[in-house]
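Structures follow.
After this come two complexes, each holding chain A, first together with chain B and then together with chain C.
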Partner chain A sequence: MKNTISKYYPLIPVFAAYLIMFIIGFFMPGMWQMVALLAFYCALGQSWNIFMGMTGYVDFGYVTFIALGTYGMSLGISYFSQFEWLGIGILVIGLILALFLASLSALLEAFIALRLRGAYFAIACIGINEGLRYFIEGAKIWGGSEGMIFFGALMQAFGKETVNQLTTFWADFSVFIIAALAAFLNMHYMRSKIGYALTAVREDEDAAKVMGINTTKYKTIAFLTSGLLGAGVGAMAWGLKLGHVYPGDVFVIHYTVECIVVVLLGGAGTLLGPVIGGLIYGLSKYWLAVIMPGFQLLIFAPIIIIIIVAAPEGVVGLLKRRLKGTQLEMFIE
Partner chain B sequence: MPLLKLENVTKRFGGLVAVDKVSLEIQAGELIGIVGPNGSGKTTLFNVINGVYPPEEGKVFFDGKNITRLPAYKRAPLGLGRTFQIPRPFGSASVRENVAIGAMFGTLADKVSVDDSLEIADRYIELVGLEPHKDKEAGTLTPVEKKMMEIARALAMRPKLLLMDEAMAGMNPKDIDDMVKFLKRIKDEENIAIVSMVEHIMRAVAGLAERVMVMNQGAKLIDAKTEEALTDPRVVEVYLGHPTDKSKWRSEVWKEGKDWDE
Partner chain C sequence: MIFTLLAGNLTHGLLLGGVYGLATMGLSLIFGVINVVNVGHGQFIMVGAFVTLTMFTTLGLSPVVSIPVALILGMALGFFFFYTVMRRLIRAPELTSLLATFAMGILLEEIAKLIFGADFRGYNWGVGRITLPITTIPMSKVYAFIGSIVIALFLYFWFSKTRLGTAIRAVIEDNEGATVCGVNVGWIYALSFAIGIGLTVMSGVLLTMFIPVGINPYMGGGYTLKAFVIAVLGGLTSPYGAFFAGLIFGLIENGAYTLFALIPGVAPFPLTVSLAFWMLFFLLLVKPTGLLGK
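Let's look at the complex of A and B:
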């Protein structure tokens, strides 16, 4: 029994980091916004890592899930806020719609794109993302290119005070929850047959098949998990928090690139990596925007490239090497 | 009922016939060697047996079941284990994790947990003598160690049939002798049929196999008791490129255990 618990020790530093962030944000005036931004990057990095970190597939279309999650929440609020008696149930419906849309697209993508390898996979995912965006705009569904604005609907259903709390606290808080859930699932997969199967897929997919691994099944599990978590982040951090959605704002590959950077900075396929990556990325982005608004990318891009070249296994890769053979080893994964 | 039965199996790559109407039966617990010059279709035959690709013609039966069109990942749990000619370790995983993967998804797949698999892995790692390297990343092993690791990984699958693709290439004579002894022991202890493909290491074929199939240009040249097969004039000719005196062949190459290449 003790053995089983100790296998989950690497979750301790992750949860500790989230807790400290939360405490800082909650008790220090003016810090909440920044902490929420950090949690956003940690949650996305952690979610994305479950698929890409473990399988080595690079999913450039990952933002599709975040976008569909946003749409799910937006649809839920837009259409169900008229039933005031649903109360908080409106948001539950929104979340369910978010997960439903994301599952649909995950299964579709798994069916089409997961059969492809390497660059073909990456391109297919971008194609699906762009296709969806133009479909929404062209077919004029869900508000077409004008998107949906449902802040008013929120106000009507919950009243000013509650909406204020929902958008400035609970939306961000749920991102923390998703980040923690993603970390737990990540850890759990690492310790189960799923993790071993995905490692085999990452290293040599054909050999994995010969060893008896149903590679499609395990890839789909990871893909779906990763996509649903991403949809959750979208639903909360973009849908509920902003009160509107425009296709041109959400189906943007830029966000996928941010996820990739977060994961690579911290260490792909590691548990702590996305947290460290999210913190480094989020903090630098935040400070650079304060000190040098407008120029942050100019400074940022070379810094990231330098870090990634200097530490190809990410910060956690370096850390693990340092701690090898010490007592602390079992806490870092 | 034979454990493995090939019926007129043909595999083509474009115009090239890599495996040409090969039929073969292997009984449970047999030790068979497959030999043949480079490019004679040995590896391709293995790939057809374990489902890397289906044959254009012919059928493959395992344990009485027609597996000709069965995907590779469904064959391993039936009891088909294999090692690769060019080792294919899961490089970033440790030796222990590699071997555990064998246990996890082999014939015991439904019965063992991750922890059980790691225990099984420890046993086979010890058996092949890789214990000191257990926690190393498999990608950092030497080529020979990688081959040993692959054998451990395949054995951890608890197969009924183990296909070894030139597992002994690159080993020195002493290692080969040890390996032959080891495989014979394993075969008896675990009741595994072993098909060992050896390109031209006579020492290994002669010491290990009870029966030998010789392939040439994709086709089966002969399938007979080891000594008979290896001294057959047709086989000698395929290897040397010219006929030779049988007694000379026997004394110089076969008995002294030299490589055919020499």
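Let's look at the complex of A and C:
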């Protein structure tokens, strides 16, 4: 019994970090906004890392899932808010639609793109993202490039008070939940058959196949999990919170790159990495936006390059090396 | 009527396609030699566009002069980025090289914004126009097309006839084999990266002929994505394949636009862009080695 629990020890620092963030945001006035931003980056990093960390595949089009999640929630609110008796069920429908759209695209992508490797996979993922975006704009689906604005519908269905609470607290709170869920699933996969199979894939895919591992199945599981979590973040942090969606705002590769930066800062393929990376990235972005608005990217770009060259294993990678052989080792993964 | 329109637009597409082809050769060369997909590719095209704009508006020099300047500046940028960043990432996982090249792109965008501002700009190279029965074409576009063909041909002969060009082809084919044959692979990596970036910046000069008021620090992203489609169409590792794929892509793009514009109730421009990516997707699925590949 002790063994099964101790397998999950590395989750302790992760959950502790989320709890501390939540407490700081909840009890210190004026901090919620910043903590919500940090949780957003941690959740995205953690979700992206599930697939990348375990398989080594770089999903450069990950933002597709976030965007489709946003669209799911937007569709749910736009079309179902007229049925007032549904109450909070409207949001449930929105979330279900978000997950449905994301799983549809994840399965399609998995079916096609996961046969490709390396650079071809990254290009295919970017292609899917852009193809979807311009298809929505071109065929004028879901409002085309004008997008959907449903804040009014939300107001009508729930009233001003509730909407205020939903957008300023519950949307961010659910991002915390998703972040924690992502960490748990990541840990669970790492310690189960899926994790071992995917480690084999990462080290040598052909050898894994020859050994009889159904690589496609395990890759698809990890891909789907990662995509669904991303869709959840999109539905809550963009759809519900903002009350509008435009294709040009959500299908933006820059957000995938932010996920990658978060993961790489913390340590790719580690459990604690995305949390540390999310904190560092979120805090510095917040801070830079305050002290020198408009120049964040100019400062970030060289920093990213320096980190890639100087410390590609990230903070957790360095930490792991320092703590090797000590009692603390089992808490870091 | 529609056929005249289609023929006219296809002519424009062919001319643009030549520049697309040249703009993608650099991407393919870099992927072929150091196995890195340059996600910041389009931003180097943007650099070329700004070089042309600056030389034209402040110094009054014609874009023809900008071509060698862009090549030299591009190669300098290429060597700089190679020796500071890319050299360490050649054997690294894709994660790092993709992110590094993307960061380079952002850096170039932000520097351009700092210098030139974020407005859309343009210039007018008045060299007259030529009237065909089907359409009227500005001569600047014709010159850009001729320029790209000349550069591509020059490159072709350089690759096939010179020692250095042969060495580059050998490294694309098999870098260990090339090392055994006494090729200085490290230098070939650096040189190919620099030539790749130089070509890309140079293609930015020619591209300005097609975008009268489209020069902007953030113009590059769209070209990166088009270059991906073209590069895959051409087989991803072959610069010549990329050039022909560029011609095909230009034709498809303008032809599809003309046809989509006939469908009521859709926005033809984004639909054309999306078609390109569905094409990419389909190609990766059925023939990842490219149209001209084995």
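Here is the rule we go by: the second predicted complex is superposed on the first by the 333 of 333 C-alpha atoms of A that agree within 3 Å, B and C clash if a C-alpha of one lies under 4 Å from a C-alpha of the other, contacts with A are read in each partner's own complex, and residues count from 1 in each chain.
Criterion: a residue touches a chain if its C-beta (ideal position, glycine included) is under 8 Å from a C-beta of that chain, and two chains touch if they have at least 3 such contacts.
Predicted model only: the values in this text are computed from it and were never measured.
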Combined model on chain A: chain C and chain B, fit or clash: fit
From chain A, separation angle of chain B and chain C (C-alpha centres, steps of 10 degrees): 80
Partner chain(s) touched by A:S192 [first = chain B, second = chain C, both, neither]: first
Contacts of A:E203 with chain B and chain C, given as first, second, both or neither: first
Contacts of A:I304 with chain B and chain C, given as first, second, both or neither: second
Which superposed partner A:T215 touches (first chain B, second chain C, both, neither): first
Touching partner for A:L264 - first (chain B), second (chain C), both, neither: second
Touching partner for A:S103 - first (chain B), second (chain C), both, neither: neither
Minimal inter-chain CA distance - chain C and chain B, angstrom: 12
Chain C-contacting residues of chain A that also contact chain B: none
Interface residues, chain C side, partner chain A - complex: 31, 35-37, 39, 84-85, 88-89, 92-96, 98-100, 102-104, 106-107, 109-111, 114, 221, 225, 228-229, 232, 236, 260, 265-274, 276-278, 280-281, 284-285, 288
Chain B residues within the chain A interface of the complex: 50-52, 71-77, 82, 84, 88-93, 97, 100-102, 104-106, 109, 114-115, 153, 157
Contact set on chain A toward chain C in their complex: 52, 56, 58, 60, 112-113, 115-116, 118-120, 122-124, 126-128, 130-135, 137-140, 144-145, 253, 257, 260-261, 264, 268, 295, 297-298, 300-302, 304-305, 308-309, 312
Residues of chain A defined as touching chain B within the complex: 3, 191-193, 196-197, 199-200, 202-204, 206-215
